[in-house]
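Mind having a look at this structure? Questions to follow.
We call the chains A, B and C, going by the order they appear; numbering starts again at 1 in every chain.
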Amino acid sequence: MWTILKDLIKYNIEFRIGATLILVVLTIAGLSLVSPYPPNVTYVVAPDVPPSAAHWLGTTSRGQDVLWQLTFAIRNTLAFGILVAVLSRLLSLAIGLVAGYRGGWVDRLLMSINDTFIVIPLFPILILFYFVLRDRMSTALLALIMACLGWAYDARLIRSVAMSIKSREFTQTSIFSGMTTREILMREHLPYVMPIVFSTTMNNMNWSIGLEVTLAVLGFMDIDTPTIGSMLYWANQHTAIVAGIWWWIAFPVGLVVMTFVGLFLLAVSMNEYIDPRSRLARMGGGVR
Amino acid sequence: MTALLKLDHVSKMFVRGGLLSSHRIAAVRDVSFTIAADKAEIVALIGESGSGKSTLARMILGIDMPTAGTLELYGRNVAKASRAERRAFMAMVQPIFQNPFEAFNPLKKLDRYVFMTAERFGGAAAGEAAQTAAAAALKKVGLSLAEVRGRYPHELSGGQLQRVAVARALVSNPRLIVADEPVSMVDASLRMAIVNLFGRLRDEMAISIVYITHDLATAYYISDRIIILQKGEVVETGDARSVLAAPRHPYSRKLRDSVLTADGPRLSASS
Amino acid sequence: MTGPPVLSVENLQAYYRTRYFGVNREVRAVDGITFDVHANEIYGLAGESSSGKTTLIKTVAGLVKPPLEFVGGAARFSFLPGHDALATAPRAVALGVRWSTLSFIMQSSMNVLNPLRRIRHTFHDFAFRHVHSTRQEFGQQVLDHLARVRLDPTVLDAYPHELSGGMRQRVTIALATICKPRFIIADEPTTALDVVVQKDVLGMIRQIQRETGSSVLFVTHDMGVHAALTDRLGIMYAGRLVEEAPTRRLFAAPMHPYTQHLIASLPRIGDAGHRQSLEGSPPNLADPPTGCRFHPRCPLARDVCRASAPPIIATGGGHRVACHVVAGAGAS
């Protein structure tokens, strides 16, 4: 594990930049643990103060320090993104691998369900959920709903990889060695599927964070828990741009962009590393 | 005495195409032959591409089912077998594939497959017992466990990999091995080791082998019986040496005349 | 075969160099090979996997792309004086000879034929720019050529997938020879074909060669094909040329231990005698044995074999061998 990281840091500039960006983001998120101000309380400091020595990133119109709000905001947003990504990966892996391997009616059934989910218009559905659940809509529940809606594209990708591996002879060798279907999927096929899972995880995180920010900006979220989106919501409510309070918008946006770019670069660089062909080339096989 | 393997008018039809237009391809047409249980033999299935030999191999291994006719292993119809019976069949009939580099997952270590076969089909307990069984099987093919332990497929040559594949097949104590073009992708200088190994399996361990190939020379060298297939049908069958020395069917003659050997005549400019 | 050689390879070296995440590997696929191909002959190159034969022809044809690197030596063509190798020649020079003077027959016809174009369009794509004539004249040239190689002209209207594998390969050969190139490189052209079709395709290659008088460098691992088709034969092992002789002579009296074992291990219909295969396996070219690369598997190996690589020495009758033990005995 460490050698892999060392290699990546040494040789891959995309990884270096991506890792640096994410480290910055994570540090800021970690700072939330030592925040002198609790997240939900308003008017604890003088409002509308521009970035200065006392308040590095300024303060909001609600009397909150932007920097410390941001730490909570990015922490919650990241947690949300990770939760959605993990849940939907599990779903798409399970469905994609099984559909690709079993084929036949199982495949057709699962893919019909899959295609239905792809076609569902996400945004109206999410708004619908909000209106139905209103007060009970917490970030955790939203994460669950989005995970259940976000697995469909990637399941198909994983299924196509699974189908191509199934036709390779080593799958038959595994069967005749007595492996069960579950073992074959987990141990033989998973390494080939991992590059796709990885890059789609990053995509998925970007997608879910983006959607969360959008929903929160529009007010369709629990706006008391600070997230990047809710910060922007409040900034809009107080017409921050018009009032000239640019720091309230710029810093959250900047931070979330940094997160997106960092995740993207990480995905791209690690993808090249995990790809079976490049792994083989490094192990020594491949060049004949 | 029930036969080890019995094919009775076996056919396999594939349907290609969609809802509105489809055509049927007969990959295997009305093939019948038997392999006796009391005497081990090597039966060569000879044919070119499109002859149906690989489809036949898949049916004997239980990967595909015939669309007509019956295929019986020790008297039990494979198509009607229960799950437990199918698993028992797998232990009895093991495959060897054409491409030794694809037979094992390139990202995983080789020894795993041999140990696993020992545990699941060879009746060995996990750990020590499996390792002993694996070492014994590897020894029979001329390799040692130390040579193979912890290795990845790309670290061995095609000949060695194919021998590991044979060892893996042997660990389950099979009665029949189906070898689909086992030496066509192995270097010429290493080929005979595998072919000679098949002979030893038949003579010393009483394992019958269905040897699928398009290479008439190795078929002549090692097989007892030979079945020549053309477009899914059997065109000639009989004792290997006599059929190849004096083929009767025109297609068999054409096959035999097309074989190029080191001491054969030079090619004239023709078309 | 008198006259200056059409291709003169001299101490050619080409290695694969990979740098992946800090792991540097150098695979010496072609390590000092010297041979000539004369006019109007079929020169066979035999060798097993990892012998370097595919790398050799890629280098000779100038198809050198990373991780393959041209390291040293020369591969001179008589029709390209002044250039030591196509791999190092300027691009315009290489483009000038491709297809018109030097052409390539590949193993898989589907690597050549565009599945979305009819055969006649593929002919146009490949050959028209080298032939300085009008479209009509070119069309007629194609028909003449097909007639000469006895291919049915209806094949021009077909798509590749409508033809059988053997037919596709014959089309590929017709494609490669329409400009009457002086040098043809064939890389395992019949390996993927059925044995009956193989005979036809090889006959076609022979016929074309006889009619145009071109030179053919024919690479395959199949010794039977070499025996039937080639005029002279070179045996490669682990990146080096170990023996070379006129084909008949080589099969009748091979000198190098590797060649002897190789030929002796070939089974023949009509001969049920025991065949023995070689011990061990071909070496890893990233870490080859010192001295003679065959010595770990050689029954005649001596100390000198471990110490230094044997030079390839002529032993008379067009026969060359690279072996300390055998060449020493033969020369005296």
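We adopt the following convention: a contact is a pair of C-beta atoms (placed from the backbone, for glycine too) under 8 Å apart; a residue touches a chain by one contact, two chains touch by 3 or more.
All of these numbers come straight from a predicted model, not from anything done at the bench.
> For this structure, I'd like the pair of chains sharing the most C-beta contacts.
B-C
> Can you name the chain that lies farthest from chain A, using the mean of each chain's Cα atoms as its centre?
C
> Taking each chain's centre as the mean of its CA atoms, how far is chain B from chain C in angstrom?
Spacing between the chain centres: roughly 32 Å.
> Where the centres are mean C-alpha positions, what is the separation of chain A from chain C, in Å?
For chain A versus chain C, the centre distance works out to 53 Å.
> Compute the distance, rounded to whole Å, between the mean C-alpha positions of chain A and chain B.
Using C-alpha averages as centres, the distance is 49 Å.
> Could you pull out the residues of chain B that touch at least 2 other chains?
Correct list: empty.
> Counting only residues that touch at least 2 other chains, which ones in chain A make the list?
284 - these are the residues of chain A that touch more than one other chain.
> Residues of chain C touching 2+ other chains?
Counting only residues that touch two or more other chains, chain C contributes 49.
> Please give the residue numbers of chain B that touch chain C in the complex, ascending.
These residues of chain B touch chain C: 48-49, 156-160, 187-193, 195-196, 214, 216-218, 220-221, 241, 244-245, 254-271.
> Chain B touches which residues of chain A in the complex?
Chain A residues touching chain B: 168-170, 172-179, 187-188, 191-192, 276, 279-280, 283-286.
> List the residues on chain C that touch chain B in their complex, please.
48-49, 149-150, 165, 194-200, 202-204, 206-207, 210, 221-225, 227-229, 251, 258, 261-263, 265-270, 272, 274-278, 281-282
> For the complex, give me every residue of chain B touching chain A.
61, 63, 87, 90, 94-95, 97-99, 102-108, 113, 116-117, 119-121, 152-155, 165, 168-169
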